[in-house]
Amino acid sequence: MLHRFANPTRFLRIASIAQPWIAWATILLAGTGLYLGLFNSPADYQQGESVRIMYVHVPAAWMAMFCYTSMAIAAGIGLIWKHPLADIAAKATAPVGACFTFLALFTGSLWGKPMWGTWWVWDARLTSMLVLLFLYLGYIALINAFDDPARGTKSSSILVLVGLINVPIIKFSVDWWNTLHQPASVLRMDGPSIDESMLWPLLLMALAFKTYYIWVLLVRIRAEIISNKIRILRLRQVHG
Amino acid sequence: MNIFSAENLFCVRGGRTVFTGLGFTLKAGEALVLVGPNGSGKSSLLRLMAGLLKPASGILRWGAEEISEDPEGHGGRLHYVGHHDAIKPVLSVSENVSFWASLMNGGSGNGETTLGALNTLGIGHLEKVPGRFLSAGQKRRVNLARILSTPAPLWLLDEPTTALDRESITSLETAIIHHRAGGGMVVISTHSDMQLANHQVIDLAGFAETCPMLEHSL
Amino acid sequence: MNGFMTVLKRDLHLAIRQGIDSMTVVMFFVLIVIIFPFGVGPEPNILARVASGVIWVAALLASTLSLERLFQIDYEDGSLELLSLSSVALEVIVLAKVTAHWLTTGLPLIITAPLLAVLLNMNKEGLLVLILALVVGTPSLSLVGAVGAALILGARRGGVLLALIILPLYLPVLIFGVSAVDAIINGFEAKAQLLILGAFFLAALPLCTWAAATSIKQAIE
């Protein structure tokens, strides 16, 4: 009983040690990745220099999905085992995931301009990403809509689990819809044909995004724990 | 014989410890009165007993069985009167009462018992009146008629005398005497003085958190 | 089963006594469809082209609007606590309330849809499939919406919040509902789309019932 309440304290201790290391790892990885990607890799023979948007776009899109899944796992742990840290982690992940999703959409749109000649195309991936963004926004709106934060946490945890089950269905529907209305997507990054000189910076950037996520997550969880403590102090003032 | 008991209940609401180490044993025919200042957890304890709320730790038992094992079964043997009266404004008084009765009995609401319950509380003449015309005290009496219209061994009454006049309180006291005489149990939180014969009392102020638990209550 | 019928009867009873509420939803539905030609112009070809989409989107919005109050009133007047305390499983109660909701809002929408389809110049084959798709699809809307309605219990600014969290989840129903009609209008079969809508409903039935009941339990804690 009490050990689970004590856990956040232990977490705070470990987090304060780990945080600078993760911050440095992020800076190093992102620095190397960006240097390789922007200066030390070839331009694409079809897409030209604009292919370099990929080094931000693709990792951001990966992170968008990764964050949603992590959020759902954390929410599930919070619901089943009532672990307060898991609830906080889910809550702290949401805005980060939403930002990654937005970044993926934004860079996708920038990429689309030279590729398709227009800022936005209802491409299956971009559209799924757009729906994902609204799943994030709905979660964030719901978790903040209650006067009692515990209620918000539980409600939004159920929402994110329902959402997770829905994500593949939405993806499938959007793909179906897209093939009916559009020719196949132009934006193809998959396939093993990617050159090694492009693969390295891409992987480095993907790692950098991941460590960046952990870094921000640690900061946000610490902030959340502290604000919870302030709330409890306030409650104590009221109830004596 | 029925026994409703609890041990070592620990209740946390909104990050605040409401009470700890609380226990009780209630046998058939007994009454328990909850007293304590505002915010001491009288309502929370009643909601724990009803199963609406889960304790952070501790166990509630009906006989030997834990109530968390069979929440529907537990719900079926108790009547709970909370802060709201659950009166539908567009339904008549007797429709309001007989809906809950038929839900309790699995579909067989009985007109006579409904009217009998209404008469006990002195609102038989309001039988056909829609809920929206009722005063607060009348609504409370309809709500109490709901628990009289179907038998259940355990009554959990949270401030049942709110908005009631002296006469209605007396009818309620009589109803409780009948209920206990039939082997029923009753738990009441109350501010006003109700006349109950030989009852136990729990003062929730005695179970409040004593030591600071800031680290733990996150 | 008895518990299911008791709650269903009571909710239908309440809806009939408060008749105006479900009428409002239908009027809202009709109004959304009617204002569309003012936005896109009255050309019959354009209207026929967008008809199924417009009717489905209107159905989605009308369903969102009506769902806000699915559990809200029972929550506020204390009925939801008592319902959850009855010996009937909360899942059964949720299912009864969702059924009542569909009968009082989904069904009237389906009945008005042919009229709107005529106004939007949809042909007869399309109309038939539209109704079929609505019959299979709208129960899913009520089910998914019930989860949203349970999640927002006790929240500030419920209505807009409900729309924000459930409209993205409605997307599959919208896509396949519209696609079924489009397929038949363009001379293809609509069977696949209708089957997928049916599958979605069958999946939503247990999952949404459970999720809504779980949300209600934590809401009345």
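To keep things simple, chains are lettered A, B and C as they appear, and every chain counts its residues starting from 1.
Criterion: a contact is a pair of C-beta atoms (placed from the backbone, for glycine too) under 8 Å apart; a residue touches a chain by one contact, two chains touch by 3 or more.
Because the structure is predicted, anything quoted here is derived from the model rather than measured.
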| item | value |
| --- | --- |
| Chain pair with more C-beta contacts, A-C versus A-B | A-C |
| Chain nearest the overall Cα centroid | C |
| Centroid spacing, where centroids are CA-atom means, of subunit B and subunit C in whole angstrom | 37 |
| Chain centre separation (subunit A, subunit B; CA means) in Å | 47 |
| Between subunit A and subunit C, centroid-to-centroid distance (C-alpha), Å | 31 |
| Touching two or more other chains - residues of subunit A | 148 |
| Subunit C to subunit B touching residues, read off their complex | 2-3, 5-7, 10, 13-14, 17-18, 76-79, 81-89, 220-221 |
| Touching residues (chain side subunit C, partner subunit A) in the complex | 147, 151-152, 154-157, 161, 164-165, 167-169, 171-172, 175-176, 179, 182, 200, 207-208, 211, 214-215, 218-219 |
| Residue numbers on subunit B that touch subunit C, as the complex places them | 47, 50-54, 72-73, 75-76, 78, 80, 82-88, 90-91, 95, 99-100, 102-104, 106-107 |
| Residues on subunit A engaged by subunit C in the complex (per definition of touch) | 131, 134-135, 137-139, 141-142, 145-148, 151-152, 154-156, 158-159, 161-163, 165-166, 169-170, 172-174, 176-177, 180 |
| Touching residues on subunit B, where the partner in the complex is subunit A | 10, 14-16, 39, 56-57, 214-218 |
